[in-house]
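Below, subunit A partners subunit B and then partners subunit C, in two separate complexes.
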Partner chain A sequence: MSVYVQHGYGKSDYIESTIANGNARGVILSARDESPQAMRALCDKLVEEGGRGFTVLLDPQFFAFVIPEGRIRNLSKYRYYPGLLSRSTFTDPADLRRFSTAALVYQSRLPLSRYVSPAIALEGFNDAWSQVYLTMARESIRWKEARSDDARPLVLSLVLNEAALMDAQAVDEFLDLITPWQVAGFYIVVACRQSGYPATLEATALGNLLYLIYGLSILNGFEIYCGYTDLVGILHTAAGAKAIASGWYGSLRQFAITSFMPSLGGGRARPRLTSRSLLNPILINPELTSVRGTNLYSEVLGDSEYIAEMLRKNPANVEWPASRAFLHHFEVLSTLVTEIESLEDTDDRLDRAEAMIDDALSTYAALRSKGVIFESRPANLQVWRNGLHYFRQRMK
Partner chain B sequence: MPLADITPEEIRECFPQLTEVEEVGSGGQRRVFRCATSEVPAFALKVQLIESPLPAQSGVDALSEGPEEPEQDVIPEAIARARRESAILAKCDIPQLAHPGPISLTELKIGTQRLLFSSEEWIDGHTLRSMISAKVQLSNVESLQLARDLTSAVEALDKMNILHRDIKPENIMHRKDGGWVLIDLGLALERGATSLSQPGAIPGTTPYFSPEQTDITRKHSIDSRSDMFAMGVVIYEAMSGIHPFANRFMTPVQIVTAIRNTEPRALDELRPDCALGVRTIVTRLLKKRPHARFGNPNVLAAAITKALAALEET
Partner chain C sequence: MTATRSSLGAEHLLGRAFERRLRSNPDQLQLPNRIEIVREMESLQGRPDLVVTPSVLSAAINRDRIAIGKTIGRPSSAKILSLLSLVVPRTTRYLEGKTRLTQRTLSTRLRELDAVGLVRLSTSTKVLATRRFAMACIPLWAFEYKLSLTQRALFQALQYRAFAEKTFIIVPENEIDRPRNLGIIRQHSVGCISIDKKGRFTILSVANSRSPLSRYQYLYALGQFLCKRSSAHAGSFGRH
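After this line comes the complex of A and B, so read on.
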């Protein structure tokens, strides 16, 4: 079971709780959400509490430097962070070397499991900035190669806009380019074009992302860590990801550059429960309460001690704090991923993931026939299915 | 450029230390002689015509044995390639690559011809091409042994950052006492080094090009995975007797199109006894995109070892 906690704002004791209940095998720390002093203490604590085999990574979130008045919180307190720069001033190879090195030197002082390189966000694999990305990646590799006595492996960040994944040929060419690199793996983050939660990539982009994961992991043996991932992570896992990471807020389950932009405000998120059988977080009210009137209620609810009270009472009357919702969500995600990971063969894993999607679509259809209306439509499942089919064609 | 016009007697005059000179054939643009000295019982002497006829004003016999190096931009491509080949052979000490012979790279003027002489180990055996022509089809184990030996050669070159770029049955010898040797490093290229080819030209042999080799815009990004593709073609051909993309009626353009776009027939359709391990390796070697092949020769070597072990178990 390889689900990591995606750390972020408002961590409370969520990480410790997932470690305690055995559902988290690692954590990806967000630099902007801890001061350097607090980060040091947090790393020490997590390494101790996580124990042997628990992975602690730090996302340097370097890409945020181009966002004017960005919500960078603590990032400016890190010495490696360059502050606001325009991309046009960010092309001098000496600067790229300096920034790459500084972020890794900082990480060398923390008890992290892997180095994670700093990176810019890529809008496309062939845009002008891809050269900056490649230069920074190569500088990170060079820095690591010079530290032959340092056993800690290097993972390269790959922060992508969804648009970059619409072009299959560009993905192929990028894979051709990066697969000879001597690194342990890649930390992949994809900014979704859709807003709101839950959002999904377009089927083509999802299929190409799965192929990217597969090409790097199964075909070339790299470790792939997928950040800001939600239930779609069952597909990432089936395609070969070593770990997926998910957090307590919707913004930690799907990545958006807008989360680094000045806040436009927004209401409090409505309570949701993650349904294993529907592969979706559904609204407690009115969705789950509507399901309660059907014979599919226990199936949708699933089996977990977190929801024991809901089996007995109307969910609208059950206290469902964000902390419990997160722990339940994480448990469901871990269970699903474990089920996929229990299969060795990639085709078997993909078949299993597809069966999960089909089962969920059937359950949605059955509920619809019983008059249950979902505000958050299950359209994402059909997109996942299409993305999966597209990926399987690409695999051939 | 035509072949050199030289007799064994003329070669003896040029190299008095030779005790035997016997013409055995030609390879590419070179004539090949089996020679011997009192110390080396057999080696191959290759003679290549560099310039013919020589400009009338030239009057020296030995053109490049002196201490002065010609300017880089006036060194004929053939000389530069031969130098590169000699340097690589001198560095590689594995049985899957030929060892250098006793005659070091020498340029001589004979009559109106300017000739280049080089020597390497004499390999007693046959080329894979001659075996394919004789309808010899390799077994599963033999195919994997061929793959293993070629991989060792490609791996040794890759460690020096060198690509062979011309892996084909004509350049693969089977030693009589067993084992395969990859020969003719004339087109070998150090990655990142200046190509010796004419601008716009693609070095290699068309039916053994990898898809990326056929794309002139990608010539700077090819790596050992390109050699692996050619290995896939060779092994496919050695097992089935049929080239996966080309036939003798196709034009070079048609062959390139097929290499880029056509999926070959499944090897087990042509050889029903083809083992799964062999098929899996060949299929992967023949993938159109480099990232879908094996990441590097080490990974390929591991896959071959595993497939051989599986065959031994059955």
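After this line comes the complex of A and C, so read on.
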């Protein structure tokens, strides 16, 4: 089971709780959301509570430094913070070395399991920033190679815009370029074009992402950590990802560059319950309350101690605080990923993931036929299915 | 749809026509003569276009409605009230556990609720709801104006069930000829009313009364309703 907690703002005791109930096998820390002092204490605590085999990574979130008026919160307090950067600040290779080294030196002082390189976000594999990305990645590799006494491996950040994944040929060329690199793996984050929650990549982008994961992990033996992945992570796991990550807010379950931009505000999040059989978080009201009137209620609820009260009472009147919703969500996600990981063969894993999607679509259809109204059609499931088919075609 | 837009303009014109009709003929929906309405009321399930009550507030409650509304309209206060009973006292410890409020916040909220006469401390640690609270609990009906009978309209109407006793979708008359989704709207007992150009309405689906699904959300919505006196009262209602 390899589901990591995607740390972010407002952590409460969520990470400790997922460790305690055995559902989290690692954490990806967000530098932006802790001061350096608090980060040190948090790392120490998580290493101790997580025990052997618990992975602690830190995302340096370097890409945020190129966003004008970006919401970088605590990032400016870190020693590796270079100030706001623009394209002109990336012209001198010495500066790129300094940026890369500073972020890794900072990590070397924390009890982290892996180094995560700093990186800028790529709009496309051949865009104006790609050379900067490659140079910074090489500088990170060089820094790590010079520290042969440090057993902690290096993982390269790869922060992509969804648009970068629309071009299959560019993905292939990028794979050819990076597979010779001497690193342990990659930490992949993809910014989704859609907003709202739950959102999804387009099928082609998803299929190419799965191919990238597969090419790097199964074909070339890299460790792949997929950040901000959430439920679609069952596909990432099937394609070979070592770990996927999800957090308590929607913004920690799907990555968007806009969350690093000045805030436009937003409404109050409506309470949701993640249904294992629907592979989606559904609204308590009116979706789950409508399902209650059907014979599929217990199937949609699933089996968990967190939802025991909902089996007996009207879910709209059951206390469903954000903490319980998150712990239940994380449990569902862990169960799904464990089921995929229990299969050895990639084809078997992909078959299982596809069967999960088909079952969920059937359950949605059955519920609709019983008059249950959902806010939107489960378009994400159809996209996952199409993305999976596209990927399997590419595998051949 | 084009004809509807040219005759009624848009949803707000549809709404105005409906509101005028309600004012002149509240009996048709079994509403009191002195009807109270709130437009675009905030709730924890979005903003229904119109909320009305089929009841008349007692004079004692009406006099203090703003103070009562502001107090109930706080999420923490609504949460506390949703757990109280008229006859079985709740301990402050029970309330702390259920609401997850700190002891300090809980005491502050209980003091505020006591000040407007909605709760009574039976002992220093046991709390009861009062008869005055029961009198303030008037039912709410929520209306959504739509130019067509979409599933989205039904979804919104179902959302409002969290706090409303009845929910309605109001559509222009041409939707009578295209009763798309009407079957499922009836299945859910959501009211559906069509309005003609003269503001006369036809009931396409009867709204059944149901207790609000969430007592907490109902109390929060009630707080908003009681606060919004300005546009709601019968005196100025409909004169636009």
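Following the convention adopted for this analysis, the second predicted complex is superposed on the first by the 395 of 396 C-alpha atoms of A that agree within 3 Å, B and C clash if a C-alpha of one lies under 4 Å from a C-alpha of the other, contacts with A are read in each partner's own complex, and residues count from 1 in each chain.
What we mean here is this: a residue touches a chain if its C-beta (ideal position, glycine included) is under 8 Å from a C-beta of that chain, and two chains touch if they have at least 3 such contacts.
All values derive from a computational prediction rather than experimental measurement.
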Between subunit B and subunit C, point out the one touching more subunit A residues.
C
Applying the touch criterion given at the start, work out whether A:G250 contacts subunit B, subunit C, both or neither, answering first, second, both or neither.
neither
With the two complexes superposed on chain A, say which partner A:T289 touches: subunit B (first), subunit C (second), both, or neither.
second
When the two structures are overlaid on chain A, which partner does A:E375 contact: first (subunit B), second (subunit C), both, or neither?
second
Once chain A of both complexes is superposed, is A:N220 in touch with subunit B (first), subunit C (second), both, or neither?
first
By the touch definition at the top of the document, which applies to A:R268: first (subunit B), second (subunit C), both, or neither?
second
Between subunit B (first) and subunit C (second), which does A:E319 come into contact with in this model arrangement: first, second, both, or neither?
second
In the superposed arrangement, which partner chain does A:P36 touch: subunit B (first), subunit C (second), both, or neither?
neither
State whether A:G124 touches subunit B only (first), subunit C only (second), both chains, or neither.
neither
Contact footprint of subunit A on subunit C as seen in their complex:
44-45, 98, 100, 151, 154-155, 158-159, 161-162, 184, 187-188, 213-217
Within the complex, which stretch of subunit B touches subunit A?
212, 221, 223, 225, 289-292, 295-296, 299
Can you name the residues of subunit A that touch subunit C in the complex?
268, 270, 285-286, 289-290, 314, 316-317, 319, 321, 371, 373-375
Considering only the defined contacts, which subunit A positions touch subunit B in the complex?
172, 175-177, 179-180, 215, 219-221
